[in-house]
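Order of writing sets the chain letters: A, B, C and D. Residues in each chain are counted from 1.
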């Protein structure tokens, strides 16, 4: 039985070349439900994914950011790093509030989805953005920011992260933002979090995961330029694997055109290091280098 | 109402009655001009050892001029509220100002890696919203506020929060301790000389920070007449009686942007990132802060009128900003 | 965190998770026009047995047209939030609409004396601020909020509040239960068809009431374009996704005043006072409400264009009102 | 030893005739401290007293009302009963908020004084505005409104009420708003109220009270047109009486002129039933009727 991934097909011809970050954004954009509310992490891939969806697929999706922008029509592109508390990002919003506005609206159940970048995720969907390693190898990261609230309060949380062994770990070094915690039934409720909320999907540049009924990460789809073995080799632990894996389509020309010319023309987010993929009309292949 | 779990970390003492007494004795209810220089404001109202909150950040309508002044005056042993911050936490840490940090979010980099590893800064773990909620509790004169997030995280263990049995539903609920900082630094678009201040666009917790803090310094792009404040009282974001100092600071958010006034200065932004990515904040301070009497002197010497004029021209959006 | 004392009265059940589920399933996140008549709005969204909150009151930018419609449609067994109210509580009680009442303040009179004495209305005791705080708790998705007032009063004993030992200070603190009404009636100066609503001037708890309530009816003096809302997002008081119905109701606060739009109608005000002072609400309703299909028909038949024009002319203040 | 009543002398010549309600307002106006903040009950005598003080005696006093008006310059006179959420009452304020704004600012300690009308007060300064009597004699009143918050949260509370036996009772029928509760030390703190707050003065049309160190109501001054015996006859219980009673001056022409021509020209508040007083240049006398 194939799992319904909730992915609409992309519009337009398949693109001939793109990088994996672009592919990841397009995949998330195709998941966005029309007429639903999104609390998107301020800037980067989550915001580009929602903006792409609104333009191409889900014109009635609305988003807020943690500075209390409600349903803007942003003036694109953003100035570098200026994705919140900025006049372009908040342009033609329906309302302007503050961080407590965003927190309260999500706490009330008004936010259907949260979309987040994360540094590290574990088998129960817990998120680390605080610190990794110990002693000389210790690295300090910036903390949860708005992610703790997004992951706790939105009805469904979509994570975006890279498909790398150090990012898919059995147990995160630090739970900055909650997934299913220890994975036991009712663990979130026992921690005071609202019932019915929690992790929904993880999307990497080449794979998609959902969660089993016992709240464990499950690989459900992969990009055509990778094998399941390649993906699983980039997990520190072995996640559950769906009986039948779906296939993630590559980006379309329409999507890439929008992303490259309007959303992120400076390549702030999408030009960063990630593999390039070539599509020859029949198959996808990862380019050398 | 049992306590089910509680964080083990130090947190700023919760004392609503003590804060009330401070407010009674120190907050001036008269309409007296509080206009002063950034130097005087920081000199009078930011002390070594203070708990300091700033609103927004070094890049996004934040009190960048005031933060530079804090570094210039070499404040030490500051306990910093690091919510919705950016490079500012790194700049203050790298300049030796900070000894404790409540983390919501900051931009990481070598400066923070090294400071945390060396134990120069003790970090307590929260989230952005939990920190703004703590400020809201402080701004309401309460000892705590409940919150439906934060429970179950490892941050909770390293915080001052408690998980209790809600006496109304019988279910677990997290309580976040109120935060009443010693001093708040807030940059706004407009203020009168008394501190009736207007923020345009979105914000983080400017009102909460102002009401929750013992000492409040406002820096403003424009000083406007009180008559103008009275013409549109719905635009007042912060009332004068919460404010201790008003600093006229054009380009006070540089190199960041200030909605309706100027765009961000990309080279200036990148340079600040670079300083904390490479742990060379002293060099950054030597270029932009320490040699100068104040920001105006720095702008004259380093940035120049032409570049500032370009930043003003780059801000083409006015709808919703200014009155 | 011991419970030191608690009120013994019934209060609307506190259920933040249940309210969240309602919000998930019923609050429309799409931009769909909710414009409808007062009759349709009340017919669809006010049910017998509902807990009803209205903001401001019959004389002061309140939803007077909507309140008259509730009486016209003979709603029964309503549990009413009586904070910062005036004659409206008496009008609704006298018309037989109300069976329970949470009291903050209402204008007393023979209608209330008689209803309370006869046991037709059960009254629970709060204060204005405790009621708006309960709404704030509901609007934050929380089960309760702490408050530094209300303890020690006899109202506390006849409420749903609890006095507990604050786990942060060890001192007693009152907790007020959250309030999530079934329905809120709110009158505003401007709204778009989706319910992005603007309140000008001061208010009571319009934003809290809208966010806290399961069903929200906005009546507005003017329906404005969404493009205008987007031109000044800082003016939006209530976001569309909290709103279920938008009613275009010019003079919707009559006989009260509506800041920036019209002054109050003194004879109309006095007549409403008289109705509850003498317990003759049915006669008031027979004059102003029941014979008419809607308020427009009543204005045409009883008040007249000339008197309404005079009320508009009497409002000479525009500063701070309208955009 | 005379108690310092904190009353400034009135400016202008003593008025030749006035009613007791007017006298009460003028007395409270003379108590208003310059440069302090007042949360005044919305409308009626408390607001007129503060407005008079700002015009004549304490130009730097500021007031808020429970709808969140901060420091207005109201357009006088008000329309009948329109003293809150009205454009004239909120005119030229420094800020507009809501009821929770007023509550929070007071809860933070920003409000020095509260001034309240009350229906009934007892020996510990407790306030009843909820109900009196039982059975057929039961009367239902409107509840505390903003008074509970004012009495709990402002540093000092000034009450205005009539000098009538049914209003000065040993124990109020219902504590709507807190005075010193049962009068025991720390009773307010044990009830969760902020420390250092509480009843400060009670002012009637012909007398003034403060509180003893043991928190009991004490008569400290009377108007020259009444005797202490007359005042005490209008108390259900016998309050403490100061060793030496002060004298409350009658209104001045300046005060009455302001009150009658600008603040309340329609006599909404000040023309109500209350005794008329005649001053013949030497002594005050209560007029017949």
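One rule holds for everything that comes next: a residue touches a chain if its C-beta (ideal position, glycine included) is under 8 Å from a C-beta of that chain, and two chains touch if they have at least 3 such contacts.
Keep in mind it's a predicted model, so treat the numbers as computed, not measured.
**Q** Under the touch criterion given at the top, what is the topological distance in steps from chain A to chain D?
**A** Shortest path length, in steps: 2.
**Q** Looking only at C-beta pairs in contact, point me to the busier pair out of A-C and C-D.
**A** C-D
**Q** Please work out the Cα centroid separation of chain B and chain D, and write it as a whole number of Å.
**A** Here chain B and chain D have centroids separated by 41 Å.
**Q** Averaging over Cα atoms per chain, report the distance between chain C and chain D in Å.
**A** Their C-alpha centroids are separated by 29 Å.
**Q** Could you put a whole-Å number on the gap between the CA centroids of chain B and chain C?
**A** Centre separation, chain B to chain C: 37 Å.
**Q** Name the residues of chain C that each touch 2 or more other chains.
**A** Residue numbers touching two or more other chains: 16-17, 141-142, 147-148, 171, 173, 201, 231, 233-234, 319-320.
**Q** Would you pick out the residues of chain D that each touch at least 2 other chains?
**A** Expected reply: 90, 92-93, 96, 107, 194.
**Q** Name the shape of the chain contact graph, picking from line, ring, star, complete and other.
**A** Graph shape, chains as nodes and touching pairs as edges: none of the named types, so other.
**Q** By the document's touch rule, what are all the touching chain pairs in this structure?
**A** All touching pairs, sorted by chain label, are A-B, A-C, B-C, B-D, C-D.
**Q** Which residues, counting only chain B, touch chain A once they are in their complex?
**A** Residues 56, 59-61, 82-84, 86, 103-108, 112-113, 116-117, 123, 125-130, 132-133, 136, 147-156, 163, 171-174, 201-208, 256-257, 259-260, 263-264, 266, 269-270, 314-315, 317, 319-321.
**Q** Report the residues of chain D in contact with chain C in the complex, numbered from low to high.
**A** Going by the criterion above, the answer is residues 65-69, 75, 79-82, 84-88, 90-93, 96-100, 102-103, 107, 130-131, 136, 138-149, 151-153, 174-178, 181, 187-194.
**Q** Can you check the complex and tell me which residues of chain A touch chain C?
**A** Interface residues on chain A, with respect to chain C: 35-37, 60, 62, 70, 72-73, 90, 92-96, 104-105, 107-110, 112, 155, 194-196.
**Q** Where on chain C does chain B make contact in their complex?
**A** 1-3, 6, 14-17, 141-148, 162, 164, 166-169, 171, 173, 175, 177-178, 200-201, 231-235, 319-320
**Q** Name, in rising order, each residue of chain B that touches chain D in their complex.
**A** Its residues touching chain D are 16-17, 19-24, 27, 29-31, 139-142, 196, 211, 226, 229-231, 233-234, 236, 239-242.
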